[in-house]
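Below, chain A partners chain B and then partners chain C, in two separate complexes.
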Partner chain A sequence: MKTFLRILAGLVLVGVIALLAFIFVPVQRTQPATELAADWQPAEGQGKMVLDAGDCVACHTSDEGKSLAGGRAVASPMGTIWSTNITPDDDTGIGTWSYADFRAAMIDGVAPNGTHLYPAMPYENYRLMTEEDMRALYDYLMTEVEPVSEPNKETALPFPFNQRWGIRAWKWLALTHDAGFAPAGASDAQDRGQYLVESLGHCGACHTPRNAFMAQDGVTAAEDSFLTGGVVGGWNAPALRGDAAGIKDWTVSELADYLATGRNAHSAANGEMSLVIEHSLQKLPDSDNIAIAAYLKGMDGDAVDLPETLAAAGPTATPEAEADDAGADTAEMLVSADPGMPLGARLYSDNCLGCHFASGKGAPGIFPELQGNSLVVGSEVSPLISVILNGAELPATEKRPMTLRMQGYADRLSDDEIAELATWLRGAWGNDAGPVAAADVADVRSGDSTH
Partner chain B sequence: MARTEPKKDVVIVGLGWTGSIAGIELAQEGLDIVALERGHDQSTVPDFQYPQQIDELKYGVRLKMMQKPSQQTLTVRRSGDETALPYRSLGSFLPGNGVGGAGTHWNGLNWRPMPEELRLRSYVAENWGEDIIPEGMNLGDYPVSYDELEPFFTRFEKVAGISGKAGNLNGEIQEGGNPFEGWRSEEFPMPPHRATWDSQKFGEAASAMGYHPFTASAGIASTSYTNPYGMQMGPCNFCGFCERFGCYQYSKSSPQTAILGALKQYPNFEYRTNSEVLKVETAADGKTATGVTYWDEAAQEEVFQPADIVILSSYQLNNVHLMLLSGIGGPVYDPVTGDGVLGKNYAYQMNGGVSLFFEDEHFNPFVGHGANGIALDDFAINQNDFGALGFIGGSYWRSGTFNGQPIRNMPLPSGTPSWGAGWKEGIGRWYGHAMSIGSHGSHMAYANNHLDLDPTYTDRHGRPLMRMTFNWQDNDLRMNQYMKSKMEPLAASMNPDSMQSGFKDVGAQYDVRPYQTTHNTGGHSMSETAREGSVNRYSQAWDKHNVFVMGAGNFVQNTQYNPTGLVGGLAYHTVNAIRTQYLSNPRPLV
Partner chain C sequence: MTDLPGYPSRRNFLKGSAAGFALTGIAASAEAQVEAPVSLDEYETEYLNGAEWAFIMAATARLIPSEGDGPGALETRVPVFIDRQLAGDYGSADDWYMEGPHAPDAEPARGWQTPLTPAEVYRQAIPAFDAWCQSSHGASFAELDAETQDAALTSLSEGEVELSSELRDFWSLLLSNTKEGYFADPQYGGNAGMQSWVYIGFPGARAAYREWPERHNIEYPLGPVSISGERA
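Now for the complex of A and B:
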C-alpha cells in the first residue's frame, strides 16, 4: 500500500512538473527554412501587398479607430477576442519586437513574452508564408506605418479559455503542418493563387470546416476537407470545391470579378466576405485575383483558362438571363400571376421580382441570382432572414465604385411572411433547402440570433 | 462674412448632371475640388427605395423631390405690360432639389439635337432666305457645330447609359433607327427597349402612312450596364415611376447611377450639402471670379469659398439668377432697346398631343417607363419646308405608356363627368383603354421673352427674385397646329372609338399653373462674340474667364428635343476644353 502511494505521489509529482514545464517552459520557435541575407530588401510595394493580401487591416482596426491600432471585437465561440495594436508604437504596439519575435507570432502564434495567441489570429495559415513576404511585411509595419499609442483591450474569456497555456496543447493538434509554402506546380498563376489562398488570404479560416478541436480541418489543397465550407458567426462560408460549391458553375473570369469587385454575373458579396473584398481583395493586382480564381477552379485538377483582365471598364451591356430548365416551372408560375399562387410566391412577386426577376437569375453584376445562391440555400438561415429584414450593402470598390444597397423589409413584412417568403425561396427554381420558421425570423429581428 | 474656407482649385455650384461631370473629369486632373449643393444628399437606397418611393401622392402630387418655392422661386409675367407675381405653387415647370438635381427625377428622354438645329439661322438663310424669319424672333446659330460636339454626345450617352438604335452610323442609314437623326460615330451603348402595345399600334399605323417610326432612345437601362467609370445600372422593370420620382431599381440614368459613386472615390473631391450659393465674387479688376459666397444652412452663416475656377452647374433658372446677382455674363438684356445679353433668349417647349380611346384594347398603362415608346421624326426640323409651312420649327412624335398612376393618369373621353357616379363609371369603363401620341416641339427665342431681376420681390436671403417675362408666340403655335393637322389623320387611321386633341392654337396665353415641361432654356446663351451672348463656345463667361456655366441656359434657342442630351454633350465639351486648353494657361479661350 505504502509503495503504491509512493508511486502515485511520484506520478503526481512528475505530472505537476510536466504541467509546470508545459506552462512555463518557453516554446521553441520554428526556424526559417531559408535564411535571407541581412541586407535583403523587399521589392517595391511588396510589404503593402502582403498587408493587403493578409487583410491585416480588417481585424486590427476598429470601426472608429486608427488603421492597425487594434481594438476590433472578434467574435469567437468562446467569447469576444480583442484585436491588438500592430503599429510600431513602443509602448502599446509592436515597436520593440525583433524580426524573430514577429515571425514567431505569425508562425508559432507566440508573443515575445511567451503568451500564446488565440487562433483568431490565423497563424495556422500565415505559417505557410514565404520568408520573403514575412520580412517584407515586418519592414512595412516597422517603417511605413505611423506608430499609434492605443493601449490594447484585455481579452477576458471565461475559464478555461482564459488559461493561455491551453492554447499550447491546442497547437499540438492544430499546428501539425510544416512552416513554409509547397506549391503544387499546376502553373505559375495557380501556384500564386494557391499561395494566396492557403497562406496570406487565409481563406481556409472561414471556408474550411473546423474539427472537434476547433482547428481548421486541413490547411492545404492536399487535404480533402480544405475549403469545403464552414460556418462563421451564423453565416455560411460556402464550399469552394466539390459539387456543393456555389462557384462550380462560375468561370475563372467571373470568380476573379467577384473577388476584385464583390459582384459578378451571378452574385454579390455579403457579410464578412464583403469586408474581405473592401479591405483586402480589391487592393490586389488583377493578376493576383485572377490567380486565386484560377487556383480555386483548378484545385481538383480541372483545366483552367486564364483571363487577361477582370472587371473591364464599360460601356458593357449585358442582358439578364432567361430561366433555365430547373427554374422554368417557378418562372412560369410567377409570370402567370395566378392569385392562387402560394403566399411565398405572392410575396416574392410584390417585393422581390422587380430586381431578381421571375427567372430568379437577377441581373448580371447588379442584382444577385437567387437560384442556387449559397446565401439563399445555406444551412444557416439567419443570413437570408437578415438580408430580407435589414437589406444588404455592397461596398464601393475601385473598379466598381457603386455602393449597391438592397433595402430591408423589416417594416413591411411580418415574421410569418418572411418565413413564408424565405421558405419559398429555398425551394424555388430547383433550390432544395429546408424551411424557415417564423421563430427564426423573430430571433433575427430581435437580435437574439447569432446574427 | 462669418467664415472663409481654405481655397480650392475649383468650386462647383450645384451637384446635378453637369456638376457631377465637371467634378469627376476635373478630379481626374488632380485638382482640389469642392461642390456646393443647395439641397440635401440623396442616394438610391434609402432615399428612392422601394416601396416608399412608389407614392404618387407624396412625389407625384406633392412634389417631394422638387425645389420648394419658399426656398427659391421667381416671378412670372407674360409681357412687359404686366406686373410679375411670384411662382408660389409649382406648376408649369418643376426645378429639382438635392444631390443629383433634375437628373434624379426626369423621365430619361435623352436626345441629341439635329445638326441643323445648331446652325438654324444659317440653315434657314441658305434654304429660304432670312426674310422668312418673323419679326421679333432671335434666330441664331450655336457657336459650336454638331460635328464638333459628336464625340461629346457619344461620351455622355456612354456615361449616362442610354439605350436605343442608331439610325445614322457615320452617314450610313440603319434599319430600325431614326433615319433623320444626325450622324453617330457609334451604336447606342444599350439596345433599344421592347415596345408596349400602344407604341406597337402607333408604329404600325405610322409605317402604313409611310412614316419612319423607331424606338425612342432612353436614359433607362434595357440591360445590366456598366459605364466607363465602372458605375452600374440594372435593367428596368417598367414600373412606370420615372418622372417626379427617383428610380429605386438603379435603372434610370442619373448622377447617382452614372457618376457620384465614382466621384466620391477621389480624395481630392468633396461636396457640401445644404450649402446655397448666394453670389459669385469677382476680383477688383472685374476680369475673374475669386470664389463664391454661400449660405451654410447647418451653421446658419455665410461662408466665402475662394477658388481659382468657378463652375456654375445649377439649374438653368438658378444659374441665370446667380449671374444676374453677381454681375457675370455681360450686361443685362433690355427687350426695349435690344441691348445687353444676360437674360436674353429664354425659351421653352411647344407640345401637344392626341388621346385615343379603344373600348376593346387593354393598354396596361402601369407597364411603362418615362422614355418608353415608338417615335418618329418625319415632322422634325430638318424635314419641314419652313417657307411653305409658314413657321420655323418642328417636333418629334412619340407614343408609349409611361405610367398608370391613378391620381394623375386617368384619361377620360371628353364629356365624361369629372366627379361623382358618372366619373366612377367612366373610370371603370376607360381605365387602361386609352393611349396617347405626343408632339414635342421646338421653341424659338424671341425679343420679348427674357429673364431679369424683379424690382419688388426678394428671397429669404433678401436677394431680388428673378423675373421671367414669357408668352407663346405665333410661330411656334403655328408649328403646333401643323402637327395637329398631321397627327389627327394618323390617330384616326388607328380607328379609335373616340379621340381628342390638345394643341395650343394661335392666341394662346402662357399659363404657369398646369405642368408643361421643365425644359427652360437660354438666358446665358452661348455666342460667337461677346456682343451676342453671355458665354463663348466653351461655355466660358465672356467677361470672367475663370467662370464656366453649364446647362440649358447656354441654348441659343431651344431644340425640338428634350434638352438633356445637348446639355450633357456641351458639359463634356466644356470640361474637355478646361482640361486640354484652360488649365495649362488660364485665359479667355476665344
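Now for the complex of A and C:
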C-alpha cells in the first residue's frame, strides 16, 4: 500500500511538473528554411504586395480606426477576438519586435513574450510563406508604416479558451506542416497561384473545412480536404475543387475577373469574400489574380488556358445569357406569366425577374446568376435570406468602380413569402437544395442569426 | 350613416366590392395576409369634415360610377385617397411656391394662381357648390338623385356654377384627384385591391416584361403587384 501511494505521489508530481513545463517552458521557434544574406533587400513594392496579398489590413484595421492599428472584432465560435496594433509603435504596436520575433508570430503563432496567438491569426497558412516575403513584409511594416499609438483591446474569451497555454496543445495538432513553400511545379503561373492561395491569401482559412480540433483540415493541395468548402459565421465559403465547386463551370478568365473586380459573368461577391476583394485581391497585379485562377482551375486536373488580361476596359457588349437545358423549364414557366404558377415563382416574377431574368442567369458582370449560385444553394440558408431581406452591395474596385446595389425586400415581403421565394429559388433552373422555413427568415430578420 | 336619396346604397357598394374581388382572380389566397380595410362607412377621415366627406363620396361615385363595366370610385376607395392626400403634403401645397403675388384672375395657362392650398380649395368650394345645388336643384349635392347630380357636375365642369376665382380650379382638382385615387398605387389609400389595374390589365410594379413586347395579340395573363408587394 505504501509503495502504491509512493508511486501515485510520484506520478502526480511528474504530471504537475510536466504541466508546469508545458505552460511555462518557452516554445522552440521554427527556424527559416532558407537563410537570407544580411544585406538582402526586397524588390521594389514587394512588401506592400505581401501586405495586400496577406489581407493584413482587413483584420488589423477597425472601421473607424487608422490602418493596421488593430481593434477590429473578429467573431469566432469561442467569442470575440480583438485584432492587434501591428504598426511599428514601440508601446502599443510591434515597434520593438525583432525580425525573429516577427517570424515567430507569423509561423509559430507566438508573441515575443511567449503568449500564444489565437488561430484567428492564420499562422497555419502564413507558415508557408517564403523567407523573402517574410523579410519584405517585416521591412515594410517597420519602415513604411506610420506608427500609431493605439492600445490593444484585451481579448477576453470565456474559460477554458482564455487559458492560452491550451493553444500550445492545439498547435501540436494543427502546426504539423513544415514552414516554407513547396511548389507543385505545374507551371510558373500555377506555382505562383498555389503560393498565393496556400500561404499569403490564406484561402484555406475559410474555404477548407475545419476538423474536430477546429484546425484547417489540410493546408496544402496535397491534402484531399483542402479547399473543399467551409462554413464561417453562418456563411458557406464554397468548395473550390471537386464536383461541388461553384467555380467548376467558370473559365480561368472569368475566375480572375471575379477575384479582381468582385463580379464576373456568373456571380457577385458577398459577405467576407467581398471584403477580401475590396482590401486585398483588387490590389494585386493582374498576373497574380490570373495565377490564382489558373491554380484553382488546375487543381482538378483541367487544362489551363492563361488569359493575357482580365476585366477588359469597357464598354463591352455582353450578350444576353439564355436559359440552358437545366433551366429551360423554369424559364418557360416564368415567361408564360401563368397566374397558376407556384407562389415562389410568382414572388420571383413580382420582385426579382426584372434583374435576374427568367433564365436565372442574371446579367453578366452586373446581376449574379441564381442558377447554381453557391449562395443560393448553400447548406447555410441565412446568407440567401439576408440578401433578400437586406439587399447587398458590390464593393467598388479599381477596374469596376461601380458599387452595384441590390435593394432589400424586408418591407415588401413577409417571412412566409421570403421562405416560399427562397425555397423556390433553391429548386429552380435545376438547383437542388433543401427548403427554407419561415422561422429561419424570422431569425435573420430579428438579427438572431449569426450575422 | 343612413342611405341618402341618390347616394350609392350600401347594397350597391357591396355588389361593387364583390365584383371587384371576383376580378382579382387568384387574389383570395395570395392576399390572405392583407388585412381588410375598414368600410367607407366606418372610415375616420383625416382631413374632410362630415359634410365634405358626404360630398366626396357622392361626387366620386358619379365621376366613376359603380354600375357598368369595372369597379367604381367607391369600391376602389377613391374618397380615402382624396382625404389622405388633402391631409398630407399635397393638401397643404407643401412643396409648391405659394408666396405670391397671386393673381386668381390670370388666364388658366398661367398655372396655380389662387392663394389657397388644394385642401383650402376643397374646404371653401364644397359649401359654395352645395349652396348652388340648394338654390338650383333644391338640395345639397349629396342629397340629390343620381341624374340631378350628373347635371350639377356637368354645370360645374362647364363653369356655370358661380365660384370665386380663387376656387375656379375646384372642378379640375376634383376630377383629376378622383382619377389619381382610382389608378394610383394602393399604398395611397385608393385603387383598393388594385381593382382598377386588374380592370384595365395594367400589371403594376413588376417591370419585367422583356419577353412580351413581341407577343402581338396575346393577352398578358398575370395579375398586378403593388409597390408594397400585394398581389392580385
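Basically, the second predicted complex is superposed on the first by the 451 of 451 C-alpha atoms of A that agree within 3 Å, B and C clash if a C-alpha of one lies under 4 Å from a C-alpha of the other, contacts with A are read in each partner's own complex, and residues count from 1 in each chain.
Everything below uses one rule, namely that a residue touches a chain if its C-beta (ideal position, glycine included) is under 8 Å from a C-beta of that chain, and two chains touch if they have at least 3 such contacts.
Here the structure is a predicted model, which means the values were calculated and not measured.
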Legend entry - First, second, both or neither for A:Arg412, with chain B first and chain C second: both
Legend entry - Touched partner set for A:Arg400, first chain B, second chain C, both or neither: first
Inset, instruction - Could you say whether A:Gly391 touches chain B, chain C, both of them, or neither, answering first, second, both or neither? - result: first
Inset, instruction - Figure out whether A:Trp235 sits in contact with chain B (first) or chain C (second), or with both, or with neither. - result: neither
Inset, instruction - Give one of first, second, both or neither to describe whether A:Asp338 is in contact with chain B, with chain C, with both, or with none. - result: second
Inset, instruction - In the overlay, answer first, second, both or neither for which of chain B and chain C A:Arg346 touches. - result: second
Inset, instruction - See if chain A has more residues touched by chain B or by chain C, and give me that chain. - result: B
Inset, instruction - Mind working out whether A:Trp97 is in touch with chain B, chain C, both or neither, as first, second, both or neither? - result: neither
Inset, instruction - Give one of first, second, both or neither to describe whether A:Phe367 is in contact with chain B, with chain C, with both, or with none. - result: first
Inset, instruction - May I ask you to decide whether A:Ala317 touches chain B, chain C, both, or neither, giving the answer as first, second, both or neither? - result: first
Legend entry - Overlap of chain C and chain B interfaces on chain A (superposed complexes): 351, 353-354, 412
Inset, instruction - Would you pull the chain B residues touching chain A in the complex into a rising list? - result: 43-46, 49-51, 158, 161, 163, 189-191, 222-235, 237, 239, 248-250, 257, 261-262, 264-265
Inset, instruction - Going by the contact rule at the top, pick out the chain C residues touching chain A in the complex. - result: 25-26, 30, 33, 205-208, 210-212, 220-223, 225, 227-229, 231
Legend entry - Contacting residues of chain A [partner chain C, same complex]: 335-340, 343, 346, 349-351, 353-354, 357-358, 409, 411-414, 416-417
Legend entry - Complex contact set, residues of chain A against chain B: 311, 313-320, 351, 353-355, 363-367, 391, 396, 398-407, 412
